[in-house]
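Next come two complexes, and both contain chain A; in the first it sits with chain B, in the second with chain C.
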Partner chain A sequence: MFFNRYRRGLFITSFLAAPVILYLVYVIAPYIQAFYIAMTDWRGVTATPRFIGLDNFVRLFNDTVFWKAVTHNAALLVLLPLITIVIALFFAFLLNVGGAQGVTGIRGSKFYRVVFFFPQVLAVAVVAVLFQQVFRPDASGMLNGPLMALGLGPVGFLSDTDIAFWSVLGVMVWQAVGFYVVLFSAGLASIPKDMFEAAQIDGASRVSLFFRITLPLLWDTVQTAWVYLGILALDVFAIVWVMTLQHGGPDRSTTVMAAEIYRNAFEHFRFGYASALGVVMFFFTVGFAILSLRLSRRERIEY
Partner chain B sequence: MTTMISWTAANSRKIARDERKRRLGPLGVLTHVALLIWTLLVMVPILWTFLASVKSEDEIFGDAWSLPAMLRWDNFARAWEQAHIGQYMLNSVIVVSFSTFGTMLIGSMAAYVLARYPFRGNRAIYLLFVSGLAFPVYLALTPLFFVVQNMGTIPVVGPYIGLNTHAGVVLVYIAYSMPFTIFFLSAFFRTLPTAVGEAAMVDGASHTRVFFQIMLPMARPGIISITIFNVLGQWNQYQLPLILLQERDKWVLTMGIADISTAAGYDQDWSALFAALTLAILPMLIVYTVFQRQIQSGLTSGALK
Partner chain C sequence: MPHTPHISRRELLRGAALVPVAGALAACATPAAPPAATSSAAPAATSAANPFGVGTKPLEIWIFDGGFGQDYAKNIHEPLFKSKYSGVEIKHNATKEITKVLQPRFAGGNPPEVIDNSGANFMDFGALSQDGQLQDLTPLLDAPSWDDPNVKVRDTIDQSVIDIGTYDGKFSVLGYVNYIHGIWYSQKVFRDNDWQIPKTWDEFLALCETIKKSGKMAPFTYAGKFPQYLYEPLLTMAAKIGGNEVLVNIDNLEDGAWTTEAMKTAAAAWAEVGAKYLMEGTTGLDHVQTQTAQNKYKVAMLPSGSWLENEQKTTTPADFEYGMFPIPDVTGSDKLPYGALHTQPGENFIVSARSGHPQAGMEYLRAMLSKKAAGDFSELVRTLTVVKGATEGRDISPGVTSASKAVAAAGANAVYYRWNNWYGPLKDEAVAATGELMSGGLTADKYLERLQKKADEIKNDSSIKKFKR
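What follows is the complex of A and B.
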């Protein structure tokens, strides 16, 4: 008996040792250190950090660039989930219950699902370079070419401070929609067909079919999607860093928290200050996660 | 009598179906138009890039929609050789094969123990792993850079796992993939029946053997899903290698692609850029199309848990 307990303990330890050690060294330790570094004036790779308390946070409060970045993240937090979910729900509905009888999928729905998902398998950095070319400011751009031929262009998709942010949002939606079409389709597939048939026999139109049946039964999945897209909006980095001019420009009109943290840490080597920005970002993200967990605790519809 | 009833049932069903068809109207065409528009939005930028990859420099700077006078396949040779896309792709393959294998091996071991063996501290360890899901990686970037740098000073193994080493990146990828892998797989292990494993234990199999020969094969669907998730996630990673790999010959594909465009100047080889983009995109689309069913379910099942 004792021998068995010993063997069990040895097994547990040997299986957990590697993952726990790796996780502590590479994930937990850096996060903890970051909170300390945030309270130092550490600059440069060789300099010795000096403890300065909350000075970085005081400075951060007056950092207009950082708050500009925060407002961009906030705007993305609202717009990215909203637009992506509306488009994805619309397509998922069409693909799965848009058929002639209102309860079946339409012809070719598999093809559409495959194509819509394409952008999802591409690296964000690759998509960023791709759209940098699509958005070229002259007739050689995929969009500006036709626009100028029509006498409408050129539009400064990435060079106009009023437009660049929307270009970033557009590309993010472009990449995300396919994933959520598939996600919502999977959700729809688990709703029994009788629900739709019964509603239609009772005289439901396509619109009420969507709002009265599809949406309530899919609500759980929609909430999950909202949280995922929210995190994506708060975490955005590569698309801004690679695609936009001056890494978040022009004139910081597209910059986001992650880009400012990276710029401060690895271009200006202000490690202390960058970590302070990171701490603020940490609280925004964890705050969002807790908030969405709280809000999503509603009764589930069982079917 | 029974045939009579089934006939009436079938008939009334047909009537109901016709009635429904009438009420819903000919929306089919509009539906296809909407779907076709999004198909074009997705495909046109990608196909446009493919087209530009066989154009000459002058054609790329000319009208965006002109067709190439001749197909310049040499763009691909230049992208592969001079822009080092071949090297970067090889680096990506090396890093991702090791990191995904490592992630799956130790991630499934941890998930299994945490899901199936109650012991003091089990819950705390599980929560420690899962809480990592909510942390933004950007907070850890600076300290992580120095952690990896310090790893490089460890005697004997140091030079292999410090900055600018693939093994160093592999270890970091594994560590940062733990939260989701453990979260997903421990939920999966909890749903599996216990009887088979217990029977094997009675027959004298060790805990380790039960895991590798019974539980792991039983968890196959979950393992496949999360493997796909990790392969894609690690293949597409850009932020972590950006701080950990500064030497060009160590770069992964995403860094190589991003660099060709951010380092853009007038001496830039634009046609090679498009060829490089094509080389990064096309294999992904082909692999995805072949495994699309597994990939779609692999990526979305994580979200539905």
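What follows is the complex of A and C.
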């Protein structure tokens, strides 16, 4: 009996050892090192970084560009989940129960389901380059071409400081919606059909069907989506870096924390300072995760 | 529950024994232990023919594979070096991402010998210098030139190369290409429309007005996505108005250097161009898009440097005939005369001090500075080098001819600046603010105040290494 138990433990340990070591080496250890590098003035090429204590953090608090980046992340944190979830829920509802009988999707829903998922299949960098062309500020831009043909001046989707941020948000929503349509569809599929039928027999309209049946029963899935999207909003990087002018411009109007970290590390060669920014971002992300887990504790509806 | 998995204390300890292994592996993100001081003694005896004492160890070369490609190194420079040192194995490499590939090599303590540290992702020279990674190239300057043992290398290149390549009092960066900045146009278009090269700023504005009214094309554009293409003529104009010290003071982070009258006049002048004469959509286009628009005769003029002709060779119509003119006279009492020019050595080559064979690296640079190597280079990539007289008697393209005439006309009135390479964060601010200036988001005064504020911030930041010129 004891031997068996021992064997079993050994078996489990041997399976766990590889992933745990990989995780320690490639995830945990770099994190710990980042905390150390954050307290040095390492510029990336020397073998002997100088320890400078918390200087980098003091500097960071006066770094207006970084705090501007933080406000952009904060804005994304609120807007990205909100807009994406509303659109995705709407689409998922139409695709699954929005049809005439209230139990099937609207006509052609199978086709739309595939189309909605397309953006998710594209690599982020591809999306960013694609939208650079879509947003081109001359007649060969996909949006500006028609606008200019109509006699409306070219809109600086990426070159106008007041518009660029919204363009970034738009692209992120565009890319994210497809996945959440699928996620919500799966959630809807697990809701028993007779609930919808019963509600219909009682004369519920589509709107009340959505707010009284669909949304409450999907609430768990929505919360999951909210956390995912929140994390996406906090560590957005590729879209901003590749798509916007001057990697987060014009005039820093679209910059985010990750872009500032990258800029300081790989353009200004201030690895120590960049690590300090990374540490702050780490705490923001962990803070968000804890907060969202706390807030989302709620009784499940059993059915 | 008899079969609950259970890990005993003993097993846990055994698992813990593995942790140091992980720790050893994890040491890769932080730098390696300081390398033992490499002896700088030459591996072979020095002589007049072999001034640095090149040994037999291999020579590793990394070329930035950008606008000039890498063929010039493979087909011109490396064979020339090899012709003299057949025993040295040359390891040729090229990349578009210098930093990503080579920064780990520096941190790991085994950098390659010669690096063409150029392109958008070049390694920060200040950081390299601060860490003693750059080989002192002073012996190269004092060595006899490749062509003539009686002439020192120092005398075959322009003084500005030495000034600009000097970090911490040591000449350590060799700018190989002489970039000549100016306003570029099509000689054919100007001839066909009878447009004259403007000699004064009023003439320039009048010309813009004429071109605009003609309806044939837009008067002016610049690489709006990269506003550094515009702060170049702005600063050159300020230097023309207020003299070279305008730029020297900016480089030295002097108080109020950005907010001088000369800077105000220049900023206001370019803001006016931004408001009235830009090609539609300019602020969202990059250098390739705007330069191609010029090749398609959609816009008349743009500010750029002497790399332009080579960069555009595939889209330029055969009869386009690139030409360039310098910043026109602005106030009538400009400190520098007409023809003053911004020339700046670029395509920066370095030799790593901690590489295995820095002597061969220096010798390679000496070969590059021969008239044959420089002349062949200019023919191949249509760009002037810093080697004096290397294009004499050679058949070169119209744009290079135009630029070299401008250099000859400028004579001693050539200016340059270095703050953008010294202080990355200041460059970022200038890029961001210049875009705003040109699109009307900032007035000239606010623009300069903003840059002055950033310059002061950098001046007061003890963590940023300061440079002087």
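The rule is short, and it goes like this: the second predicted complex is superposed on the first by the 286 of 303 C-alpha atoms of A that agree within 3 Å, B and C clash if a C-alpha of one lies under 4 Å from a C-alpha of the other, contacts with A are read in each partner's own complex, and residues count from 1 in each chain.
Definition applied: contacts are C-beta pairs under 8 Å (C-beta built on N, C-alpha and C of every residue); 3 or more make two chains touch, one makes a residue touch a chain.
For clarity, every value in this text was computed on a predicted model and none was experimentally measured.
Participant: Per the overlay, which chain contacts more chain A residues, chain B or chain C?
Facilitator: B
Participant: Is A:Tyr228 in contact with chain B, with chain C, with both, or with neither (first, second, both, neither)?
Facilitator: first
Participant: Output check: A:Phe266 vs chain B and chain C. Expected answer is one of first, second, both, neither. What do you get?
Facilitator: both
Participant: In the overlay, answer first, second, both or neither for which of chain B and chain C A:Ile37 touches.
Facilitator: A:Ile37 contacts both chain B and chain C.
Participant: With both complexes superposed on chain A, which partner does A:Ala29 reach: first (chain B), second (chain C), both or neither?
Facilitator: It touches chain B and chain C both.
Participant: In the overlaid three-chain picture, which partner chain does A:Arg113 touch, first (chain B) or second (chain C), both, or neither?
Facilitator: In the superposition, A:Arg113 touches chain B alone.
Participant: Name the contact category of A:Asn144: first (chain B only), second (chain C only), both, or neither.
Facilitator: both
Participant: With both complexes superposed on chain A, which partner does A:Thr161 reach: first (chain B), second (chain C), both or neither?
Facilitator: In the superposition, A:Thr161 touches chain C alone.
Participant: Please indicate which partner A:Arg8 is in contact with in the superposed arrangement: first for chain B, second for chain C, both, or neither.
Facilitator: Both partners.
Participant: With the two structures laid over each other on chain A, which partner does A:Arg136 touch: chain B (first), chain C (second), both, or neither?
Facilitator: It touches chain B and chain C both.
Participant: Please write out, lowest number first, the residues of chain A touched by both chain B and chain C across the two complexes.
Facilitator: On chain A, the overlap between the chain B and chain C contacts is residues 8-9, 12, 25, 29-30, 33-34, 37, 136, 144, 266.
Participant: Under the stated contact criterion, what part of chain B meets chain A in this complex?
Facilitator: Residues in contact with chain A: 16-17, 20-21, 23-24, 27-28, 31-32, 34-35, 38-39, 41-46, 48-49, 52, 60-65, 106-107, 109-110, 112-114, 117, 119, 125, 128-129, 132, 134-145, 147-148, 171-172, 174-176, 178, 182, 206-208, 211, 232, 235-239, 243, 253-255, 257-258, 260-262, 273-274, 277, 280-281, 284-285, 287-289, 292, 295-297, 299-301, 303-304.
Participant: Quick check on the complex: what are the chain A residues that touch chain C?
Facilitator: Per the stated touch rule, the residues are 1, 4-6, 8-10, 12-13, 17, 21, 24-25, 29-30, 33-34, 36-37, 41-49, 52, 55, 59, 135-138, 144, 153-154, 156-161, 245-246, 249-252, 263, 266-270, 273.
Participant: Under the touch definition given earlier, write down the residues of chain A that touch chain B in their complex.
Facilitator: The touching residues are 7-9, 11-12, 14-16, 18-20, 22-23, 25-31, 33-34, 37, 87, 90-91, 94-95, 98-102, 106, 108, 112-126, 128-134, 136, 139-142, 144-146, 174, 177-179, 182-183, 186-187, 200-201, 203, 205-206, 221, 224-225, 228, 234-235, 237-238, 242, 247, 257-258, 261-262, 265-266, 271, 274-275, 278-279, 281-282, 285-286, 289.
Participant: Under the definition above, what is the set of chain C residues touching chain A in their complex?
Facilitator: Going by the criterion above, the answer is residues 2-3, 5-8, 11, 15, 18-19, 21-23, 25-26, 29-35, 99-100, 103, 106-107, 109, 121, 123-124, 126-128, 130-133, 224-227, 280-285, 289, 424-425, 428, 431-433, 435-436, 439, 441, 461, 463.
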